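Structures given as structure tokens follow.
Presented sequentially are two complexes of subunit A, the first with subunit B as partner and the second with subunit C.
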Partner chain A sequence: MSQVLLFNVFNGLIVGAFYALMALGLSLILNLSGVINFAHGGFLALGAYLAYTLMPHIGFWGALLVAPILTAILGLIAERLLIRPLYGRDPLYSLLLTFGLAYVLEDVSRYIWGAQSLPFAIPSWLTTPLSSQFFFLTGYRIFMVLLVGLAVAGLFIILNKTRLGMRIRAGTLDLETVSVLGVNVRILRNLNFGLGIYLAGLAGVLAAGMLGLQPTIGTSLIMPSFVAIIVGGLGSLPGTLLGGLLIGVASGVTTVYFPSATEAVMYVMMGLVLLVRPRGLLGEEGRVQ
Partner chain B sequence: MSSNVATNSPPVVGNPMGTGNRRGDIIATAVVWLLLLSMPYWMALIGGYTELAIRIVVMGLAAMSLNFLLGFTGVLSFGHAAYFGLGGYGVAMCIKYLVPSTPVAMLVGIATGTIAAMVIGALIVKLRGVYFAMVTIAFGQVFYFIAFRWNNVTGGDDGLSGWSRKALDLGFTTIDLPGNDKAYYYFALFVFALCVGAMALILRSPFGRTLIAIRENERRARFLGIPVDQHIWMSFVISCFFAAVAGCLYALLSNFIDPRALRWDQSGNFVIMAVLGGMRSFWGPLLGAAIFVALQDYVSSQTENWMSFIGVFFMLIVIFFPRGILGILKRSVTK
Partner chain C sequence: MTTKVDLSPTRRRFIKAAAAGAALQMTGPFIISARGEQPVKIGMDDCLTGTYAAVGKNETIGAQLAVDQMNKKGGILGRPVELVIEDSTSGDAGTAVQKARKLIDRDGCEFLLGNVNSALTLAMADVAYEKKKIMVATGGHTDAVTGAKCHYNVFRICNTTQMEANAVAPALIKNAGKKWYFITPDYAFGHTLQSGLEKAGGKLGMQKVGGDLTPLGTTDFSSYLIKAQAAGPDVIVILVQGDDMINCLKQAVQFGLEKKVHLAGAQQELEPLMGLPPDARIGTWVFEWYWNQPNVPHVKEFNDAIKAKTGHMPTARTWFGFAAAHACALGANHAKSLDALKIAKALQNFKLPPEVALMPGVPYFRAGQNQLIPNQWVGHAIAKGPGGPEDLFHVDEVVKVGEAAGTLEESECKMQWPA
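So, the complex of A and B:
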């Protein structure tokens, strides 16, 4: 029993890492631009499919490196053409637009790569279990947790140590002042969007190796990402990370005892958090109004 | 966030629901009712059928109920399918498992949706703007997963069938709802009229005026001593109540309900109907729903790529018609 529990906690941690990676990108965009990017799941799927297409040519590692960057470039273009005209308007419109974009991206993926689940080959040395007792500890899973950790660390280094990151953080607090100080806010928002989409693309490549590749892969991950942001705290990136991991582990544990509530449990958590602390676990005060 | 809404719209003078022109409003209302009352008779002439007419009335009610919150309180809910679908599941489960009576089942369906809205509304009422929208999206999915997972009661992914709407026994006469499409159309239209009339009355009342004041400037409303959170909660519950009524009619229409009625894409459809028609006008969402339902019917019979079509449709409306059809008309009239 304890081994099953351990297995599911670990599983939940991995799924939570996906949620967190996706939610961090969503959160970046939401905090700076006030846009709920519903198409985030669509970009995630696109990243995964691009990796699938690139893999025969440049191998797994090459695809892992290149596909998220290509996805981010598509994100930059989408932001420039579709989302930028909507800044300053009611958030309803950007939400509806990305909603439509999500439909289009999913349908395009289905049109190009087909509706069936595609096999996503990962290097064989990564798939063998490391020990016979802990059968679930395959190299790929450990590798994935490490890589997500690396990506998150990289993100926080960018945000804290680079000029771009500092501007993003400053813009989150007061975009007008940042603009007055001479920062080109349009470019800042564009790059920030690209950064968010990069994380989605990366999550897509990793998720494809774990969950298989199908057009709906993005839609199934986006709702939990919303929950992760709300549970972790609005406006707080560490909160989003915590929220993702928490709901991942919670659904993992629930799978053991009450499998049909696997999804429902995260919404129960969200309800509890909103009841006790409407701004979320690590949310900033005053952000929600 | 909600102050954004206020700056984008001209201030409303006089009648909060119309053009500010009293005679124009009466004529518009009369035309709408004439068209609705005669719809089953001209629908066939333009290539439609009675079921399509019923769908327009049902979706129109859903979009109008969402617009009570979106257009008249200025609060963005992106999860109304939850309460719509709960109404539908309430009806279906009541007829199938409890009482085989259409009105009783409708009461159960409406109560289900409304109670859920009361609980969830209380949890989210402190949030505003995008955050409110995000939480409504997320909460909308709870019921989807419950309906999807709880196979033995809800039928899971396959939906709940094996039940049908019952004839309406009025004592002196019986209305044959199951066998006669037109009878069901007029039943749905009667319910629609009650709901729409109630919404119009609420919006004209001091309470409704207060909601509009909150939409225009929440901070000022708060300084005037209006308990804003309670008003938004009430508005949310009222809006979901009518959405649940629409959900009941929807389930009764096809004698079937499935989890897709609860899902986020359905919520998005309601929002786009309201925006397409014009969310600042009372009848706008009905017009939006009529266009949407007719398009859906036509396009899905022509192509398999309904998703791309609807996605591009969403984007075009946001870019070119953010005020909606009636918004544009109204603007050209007042200019």
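So, the complex of A and C:
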């Protein structure tokens, strides 16, 4: 039993890293623009489908590189045409818009690629387990964790070392002042949205390697991402990462003892965090931005 | 004077919004087909969104083909027939019931068809019983529909879970071994399918070494697979369906588990096999209907008609919808009435004609239970068969009509007829 438990803790970290990747994109958009992007799952699905379409022409690696960028471009367009007019209004407007957009994206995917799941195959050498005992550590999952690590590191470098990142962080704290200082807030928000959607597209390509590729692929993954944000602390990117890892491990450990509660445990965890520490594990007290 | 608008998403507002969003997910889109003049309406309440969207859609395609055929042959009692389709969602019984009531009360449907999900089928059957309308269950397999919770006016095309278990259990023992570990969806269908397999397998010496119930719509099966492998089974019996089946099999094969244990199950369908990469199309299963039946009358015409409509071969789900819609017309025309009681009596022991049955033998609705007793196809999944890219199942054995049906007493149906 102890070995199964240990395996599930490791496995939970891998799954949690994936949740974190999606949650980071959500968190990025939420922090700067105040948009609760329910369409994030829809963009994730688009990323996966674009990769599926590109794969016969440019292979898996090419698709992994190009599909998230194309998804980000679609995100930039969506922000410009749909989200931007709603800045300055109650966040509920953008929530309702993105909620509707999620359905639109799902149906667009269904219309173009069909309701039937598609066989998204990854290079066979990536699916080989590293050892017979640690069979759940496949090349693909290790690669996925490394990529998540790279994406997170890249994100933190962008946010902390680049002019754009500094502006995003400053905007997160006080957008009005940043605007007064001459920064073009519109472009800042647009690029930030695109960056968040890039992460969704990347998560989509990675998810399609492990799950069935169907129009609802993103819908099933979006709730754990929201939970990761709440558990980790709204407004805190390290908190989001921690939240993702924690719910992954909690789900894995619950499988060992009470398998039918594997999904419920993350909501229980969210409830507990809200009761004991409402700002989340690494969230700031009071104003959350 | 200017009013400063606070753009900040407070934690409280974020949580409220997330809850509102979750509540809104309960609602779904609806589709209504074209209306004719005073047609007889058949209402179809099936899964068009969620994990069963692909299989639900195929049931509606089959039903629509049947309606088209009926209308070319005089319809029902000389009146044209119209199919009205609603999205039940894949797992929300409240929505399924609401849509079933809407189909009967507002749209004036005389018949009710559906549903892929067993729990939703049971809920819809109660509505049909209350409203005294004929319901033909298309694809909800749990035994109770034509078992402990049977109704005189509720018929079913797909098999009971016990019938599937009876058909596949000997092959599982023979091909995979006696020590079984179950991965089972945590709702009515999964519970009864597992219990059916335990019963059928138990008679053949099966030993259950463990099992997990997984929530419908589970994406990550890795933790369940780790646990299953550690229990040392001969076979991991995968009972999840639809997209859950794809996720589970895909991850199991990525872990290389097929080299250590058998990966197999009971009910398998063409839809998930088509969604799997070729190396994950493995295992012993039972199909309830399969398109590749070269010498069976009318099957080729059916295959061609569906291929012309969709570009794909029909699946068992397509046939469920097709046979269910035809059963409505056959029953009404046989009874010369739209009265549910008269149709229900006309359909007792009713034999499906070959152009609807589309299989060897003569499937029939067993009297006193209203369950169709058909053939079943036991075999194994293949990466690619000789019949083309959608020939993904090799039939090892056709279990003939009645061989795996059990008895009426075993079904636990105690039919109550109205006075």
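FYI, the second predicted complex is superposed on the first by the 283 of 289 C-alpha atoms of A that agree within 3 Å, B and C clash if a C-alpha of one lies under 4 Å from a C-alpha of the other, contacts with A are read in each partner's own complex, and residues count from 1 in each chain.
FYI, a residue touches a chain if its C-beta (ideal position, glycine included) is under 8 Å from a C-beta of that chain, and two chains touch if they have at least 3 such contacts.
All values reported here derive from a predicted model rather than from experimental measurement.
Examine A:L211 and indicate which partner it touches, taking first as subunit B and second as subunit C; both and neither are also allowed.
second
Look at the residues of subunit A and decide whether subunit B or subunit C touches more of them.
C
Which holds for A:E263: it touches subunit B only (first), subunit C only (second), both, or neither?
Both partners, subunit B and subunit C.
Kindly classify A:F193 by the partners it touches after superposition: subunit B alone (first), subunit C alone (second), both, or neither?
Touch partners of A:F193: none, neither subunit B nor subunit C.
Taking the superposition on A as described, I'd like to know which of subunit B and subunit C A:A115 touches: first, second, both or neither.
second
Just subunit B (first), just subunit C (second), both, or neither: which does A:L275 touch?
It touches subunit B, and subunit C stays clear.
Now for A:L97: first (subunit B), second (subunit C), both, or neither, which partner does it touch?
In the superposition, A:L97 touches subunit B alone.
Just subunit B (first), just subunit C (second), both, or neither: which does A:Y87 touch?
In the superposition, A:Y87 touches subunit C alone.
Quick check for you: in the superposed arrangement, does A:T138 touch first (subunit B), second (subunit C), both or neither?
second
Would you tell me the residues on subunit A in contact with subunit B in one complex that are also in contact with subunit C in the other?
Comparing the two interfaces on subunit A, one with subunit B and one with subunit C, the shared residues are 30, 34, 36, 89-92, 95, 99, 103, 106-107, 223, 226, 230, 234, 260, 262-264, 274, 278, 287-289.
Would you pull the subunit B residues touching subunit A in the complex into a rising list?
1, 4-5, 8, 70, 76, 78, 120, 123-124, 126-131, 133-135, 137-139, 141-142, 145-146, 149-150, 264-265, 268, 271-272, 275, 305, 307-308, 310-315, 317-319, 322
Which of the residues in subunit C come into contact with subunit A in the complex?
Its residues touching subunit A are 5, 7-11, 13-15, 17-18, 20-22, 24, 29, 49-51, 53-54, 57, 186, 212-215, 217-220, 222-227, 229-230, 243, 246-247, 250-251, 253-257, 260, 271-272, 274-279, 312.
For subunit A, which residues count as touching subunit C in their complex?
Those in contact with subunit C are residues 3-4, 7-8, 11-12, 14-15, 30, 34, 36, 38, 87-92, 95, 99, 103, 106-107, 110, 114-121, 124, 127-129, 135-136, 138, 140, 175, 210-216, 220-221, 223, 226, 230, 234, 251-252, 255-256, 259-260, 262-264, 274, 278-280, 283, 287-289.
Write out the stretch or stretches of subunit A touching subunit B in their complex.
30, 34-36, 82, 85-86, 89-97, 99-104, 106-108, 111, 223, 226-227, 229-230, 234, 260-264, 267, 270-271, 274-275, 278, 287-289
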